[in-house]
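What follows is chain A paired twice: with chain B in the first complex and chain C in the second.
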Partner chain A sequence: MTVDQMTPLADRRGSAPAAGRAGSRRHTSVVTRRHRAFYMFAAPWIIGFALLTVAPMAYALWLSFTTFDGISPNWHYVGLGNYRELFSDAQTWRSLGRTGLFAITSVPLSIVAGLGLAVLVNRPLKARGLFRTLLYLPAVVPPVGAGIAFKQLFDQNSGAANGVLNLFGIDALGWLADPYARYVLIMTVLWTAGNIMIISLAGLQDIPRELLEAARIDGASAWRSFRSVTVPLLSPVLLFQTVTGVIASVQTIMPLLLAPDPTPAGITALPQSTYLYMMHVFAEYFAFGRYGYASALLWVLFVLILVATGLIFRATSGVVFYNVDPEAKK
Partner chain B sequence: MTATSPTATDPTATRPVRVASAPRPAPRIRVNRLVLYTALVAITGLFLGPFGWLVISGLKTPAELAASPVHWLPEHIQWHNFADAYRLIDFLGYARNSLVIALIYATLVTLSSAWVGFGFARLEAPGKKTLFAILLGSMMLPQMITLLPTYLIFAKLGMVDTYWPWVLWGLSSAPYLVFLFRQFFAGLPRELEEAAIVDGCGWSGIFWRIFLPQSWPVLSASFVIAFTWTWGDYIAPQLLLSTDRTTLAVAVMSTYVTSAGTPVTNLQAAASVMYVVPILLIFLVAQRGFVAGTATTGLK
Partner chain C sequence: MRPHAGAALSRRRFLSLSAGGAAAGAAALSGCAMRVSGAVGGSGETVTVMAKADDISVDLIKQAQKDIGVRINTVLYSTSKLIAMMTNGNPPDLVRGVGAVDAPYFAARGVMEDLDPYFARSSVLKPADLDPVNDLWRYDGRTQGRGPRYGMAKDFSQDSMFWYNTGLFDEAGVEYPPELDPVTYEEWLDKAKRLTRRRNGQTTVFGGSYNGVLTPNLLTSLTVAAGGNLFTDDYSRVDFTTPEARRALGWYIDYCRTKVGPSIVQPDPNTWDGPTFQANRLAMSNSGYWLGGLINADKKLAPLSRLAPAPYFEGGRRVSPCQAGTGFWIPSKSHNKDAAWRVFEWFFGEAPAKARASGGWGIPTLKSLRSLMPAQEDYQKRVLKVQEAELKHYSVIAFTPYATADALLALFNQIAPAAMTGGMSVDTLAGRLNSAMNEQLKRGKEQVA
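This part shows the complex of A and B:
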């Protein structure tokens, strides 16, 4: 559905300025009015973006050069002082490493899981609509609900996870403490793989049937045609999933929601294995009130995300195939 | 099974061999299906497990919840936990707060995103391509990064502990929803606006009178998606609203404690069931819109 829809859209967009130009020969004012109309329609987003995104980021950049703490009137400009401190702070590097590890494990796992589920529910099965709905369901459970559900599930005493382990004669594990908390964190991500399933499913249904049939006639096995036809054609979808997945995993607040004490003060008591970079930011911000330093941490994270997405796009530029319909090119 | 190997390389040989072995694949397919259904049912069970366990936890006594090894099912189902969870905190008040900001945000953001999406779909102007690239790029901008400085700015403007931030966020549209509307509006036929232009109708008139009434499916999908975001949001209300004005998400997370300060986990579980169920119901009713929304943005 998706790629098919894109092409006619691109077509139409291509013809729109042409129509405008044809009209312009007669009434120039129609074109300028149309331009003005565009800005009138785009204005809410342009103004909102400037005031609610660009301005806060600029403000944070300014704060990152100061010792501002929100209370003390004696804050001052320290230049790159916060940045120098940040790079020599062992906690910054450790939490950054954990965040990287979390992204590198949870993103590929959830993409593989989501794609696997999509392939399963793309088959002609009875009640597949029901399966799709139920598998997607966890993706709409609010994070707070998910956090509480996982806390109950992995509770050391009353949790079902340890209950199952007991059935096999294994002693109860402290799932929500080190070192296991990180695995619970990854499981909360995998739990919402239905999100990726739905997007992959839309991609799967776009793959021209003829291509898969041609592969079969050529004698390709199911696995071979999946690898050589399905995956390349899905690659833009998978790339999108990777980029958004990395950005989401960097921002996850799940450790906070799984913590015994979800208040800002409790952030500092989080299990070390789930003390991600964002938790470090929260701790500096809420627990220590160091707004300037936390702003520097945020800006470093922002730059790192830009670099990471740039690298992902660059690394995949040769492997991602955009299905350009030859019909659309003429 | 033996018949399949010689056919692999010679396409002309496939037909006769297939016909000859026609009765054979049938049972094999049935076994496959059985495996498939078993796997699907097992995975679905695993996916629904955490939520099921939450419900079960909400029906136990505190003693059963603390018991080790685990009590799988409550001995006597404690239905009153739900009533207690409702009474222990000002549940209705928090639910009303959640509802109010979700309605404010979802209504405004749906209209503003439709408005912006219409511009990007049907109008042309120099710089539009760049703006659209920025719009799509901003979808990838981590929101957490802007949220903390946004809080400081709102604090300066005296908008902390009011619902103004949600009004402003709503008015400024959301890239994800703008993209959804742009896709939809771009797909409508050109004839729709042509007659109106000839009649001298302005672009905003065309939007309100012709395009918006056509877009009920996207309007409802956008409204539901935005409502769910706000209902599920934890960090923004936690940052911006005081304990009385905050939302159910924050309240369920942090207010289920006895006067001695010990958490009451069975009531918290019951409360979070009551907090999650409305969203699940909305999802089940509106799942088509949900799925369409998610699937469209994924293709980018």
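This part shows the complex of A and C:
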């Protein structure tokens, strides 16, 4: 072999690394562009989240260590004093207890009511769309409007509810006072069952018809099919509704809307059964001007919600069935 | 390799930029926080006024531009907004306040501008022409009603007086109250019971409403009428267990317990007396002269309506206080005090003040404007006669600087319903109110320099 015959081979070997490096640079460039695009598109949300959620929460955390009342120049750092007072305040514990009771009452009732309505309007029936609309409509009424309507409806002296009772010879009741106030509050929650209905309806329509037919062929009754097929397949939806329902019920301001005097000072006149935790927070902030103490109350609520959510997920992990196995992604 | 403008945006760099953006955004939000609504364009200085919608209308804003060349920007009144604006160092230039309860609270905290130098130089708001009600806006560092002047009332009423509907009195066969002589509080309550009508467990006609402007003001006034004082001499504590306070509190609890009128245990959906009185469903309304503004506009109701002197307690003291005295004050950190004063002067002494005086919604706070009060109709003349006779019983009833009226009201609303429904004695209530309110007052005192 002559020297001339060896030269092309040497040239070929020299060009391969260069080509590889060029390909690698192109790949890196694509990845970089994708990352950049993600960050740029996510930036508005992240900035908003930082400004409107993280910063206020941090500020509230700072306030929770002070006696800040918004006006007085002589506020002080009190360390964990607000938290110590919080845990020894009977009113705080009572409102928290009532809130817990409200949550474990209203959330299941709402889910059952919504699911029941969804099952009804998922069946073949005439004017089904109309019924779905009518049942959903209350959920789109703003809470303030609903509160005002219920307040008028259940007023002792001029409300329609007592008008109906009077038709049957029954004297008017003080619906917006204890012991009836809690039931009115529950009714306001059930009034918005249309929200739950829509979500449940979407879940129902996602259940394969074949599974229900197979169950029926195997001799399962309607109730058995519902319990063994429908509910398990709806379990992720029910879990979602439970978690969001608990959070919403704990944070509800509906008692304020039903209050005889919906002002900061009037909030403490709520019937005791509807003086929930957020009403207590509202009063401490805006009636008593105790921004530090109220901020501590909110931070404790935040932690409690996290704990409650974690407990719900843990308690339901064995009974929630996902069509896509979440383990598959690990 | 050196980084350059086209370099990849790393995670660390992105987060740093986001943090910087957040900080810049926060600063921008702080600078423009809750500014400007209801602004009317024009040249001249700009004054930001925190007020309610019916305090400063758009027409009034235009009139200010025309009359004094000042542009008014309004911010809807809210304690939260006020706190936020004051905290970020950008307070409004004029702030609405209820003189009877806000003046000592804010003045004690050093956030109000002393207006005495401005009044001294004013040719419109002359100190000698100021109605005594404006003393609600004075505070000497210890007691309301004396010392520097921090604001002014836009109009006022003597809020322990009451209106009554003669038609409902006739239907019930109840004799009218005397025209110029007061009834006792016990007599008032007895009339209210006799005037109340119920059917099927519902109250179709309230015999009378007596809730004052705010309950703490009412209880303070009632206690003074009974011959005592609700607050201790240094205003740092309440005492509901004195005989006078006990009597006053007991009367009010009886009023609520017997359900002759609206209360927190028998709320009126209308939330204020006007519509209910207008609907002939309220025989007596504890509202001062100001309710005449609504009554005068109702040609059927006006001839039937009369104003009566403030009641009194037998053996007590005849006193006819103002429980509100709503007006404006200038924050000490306002950046535009002189322009704010120009608006203040115009609002309280010029065209707007004259319009308010002739409208009948309140007594003017300048003595020279009293002649503008409505007096064309016979029923207006009768009302004016009663009102003029009542003025001599006015005096400032000082309120504590260590708590807001809202805070004390919230505590009252929290504790008192049990007594109003018969579940707690008045003596127990008095003790519990003392305990709760004095704790709030103690906290407030710690925050006053």
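Just so we're on the same page, the second predicted complex is superposed on the first by the 295 of 330 C-alpha atoms of A that agree within 3 Å, B and C clash if a C-alpha of one lies under 4 Å from a C-alpha of the other, contacts with A are read in each partner's own complex, and residues count from 1 in each chain.
Assume a contact is a pair of C-beta atoms (placed from the backbone, for glycine too) under 8 Å apart; a residue touches a chain by one contact, two chains touch by 3 or more.
Quantities reported herein were computed from a predicted structural model and do not represent experimental measurements.
Engineer: Could you look at A:M57 and tell me whether it touches chain B, chain C, both or neither (first, second, both, neither)?
Structural biologist: In the superposition, A:M57 touches chain B alone.
Engineer: Considering only the touch criterion stated at the top, classify A:L201 as touching first (chain B), second (chain C), both, or neither.
Structural biologist: In the superposition, A:L201 contacts chain B only.
Engineer: On the A-aligned overlay, A:F288 touches which partner chain: chain B = first, chain C = second, or both, or neither?
Structural biologist: Touch status of A:F288: second partner only.
Engineer: Looking at A:N162 after the superposition, I want to know if it touches chain B, chain C, both of them or none. Which is it: first, second, both, neither?
Structural biologist: both
Engineer: Touching A:D69 in the superposition: chain B (first), chain C (second), both, neither?
Structural biologist: second
Engineer: Who does A:I46 touch here: chain B (first), chain C (second), both, or neither?
Structural biologist: both
Engineer: First (chain B), second (chain C), both or neither: which does A:A146 touch?
Structural biologist: first
Engineer: Once the shared chain is lined up, is A:V250 touching chain B (first), chain C (second), both, or neither of them?
Structural biologist: first
Engineer: Of the two partners chain B and chain C, indicate the one touching more residues belonging to chain A.
Structural biologist: B
Engineer: With both complexes superposed on chain A, which partner does A:H35 reach: first (chain B), second (chain C), both or neither?
Structural biologist: The answer is both, since A:H35 touches chain B and chain C.
Engineer: Enumerate the residues of chain A that count as touching chain B in its complex and touching chain C in the other.
Structural biologist: Residues 35-36, 39-40, 46-47, 51, 55, 70, 151-152, 155-158, 162, 166, 172, 263, which sit in both footprints.
Engineer: Okay, in this complex, where on chain B does chain A touch?
Structural biologist: It is residues 7-9, 11, 33, 36-37, 39-40, 43-44, 47-51, 53-54, 57, 60, 64-72, 112, 115-116, 118-120, 122-126, 128, 131, 134-135, 138, 140-150, 152-153, 168-169, 171-173, 175, 178, 183, 186-187, 190, 202-204, 207, 228, 231-235, 249-250, 252-254, 265, 268-269, 272, 275-276, 279-280, 283-284, 287, 290-291, 294-300 of chain B that touch chain A.
Engineer: Residues of chain C touching chain A in their complex?
Structural biologist: 8-9, 11, 14, 18-19, 21-22, 25-26, 29, 79-80, 83, 86-87, 105-106, 109-111, 200-204, 214, 264-269, 271, 404-407, 409-411, 413-414, 417, 440, 443-444, 446-449
Engineer: Within their complex, state which residues of chain A touch chain B.
Structural biologist: 1-3, 5-6, 8-9, 12-13, 16-17, 19-20, 34-42, 44-49, 51-53, 55-57, 59-60, 63, 70, 117, 120-121, 123, 125, 131-138, 140-153, 155-160, 162-163, 166, 172, 191, 194-195, 198-203, 217-219, 236-237, 240-241, 243-244, 247, 250-251, 253, 257, 262-263, 278, 281, 285, 291, 294-295, 298, 301-302, 305, 309
Engineer: Mind listing the chain A positions that touch chain C in their complex?
Structural biologist: Touch residues, chain A against chain C: 32, 35-36, 39-40, 43, 46-47, 50-51, 55, 67, 69-75, 91, 151-152, 155-158, 162, 166, 171-174, 176-177, 260-261, 263-269, 283, 286-290.
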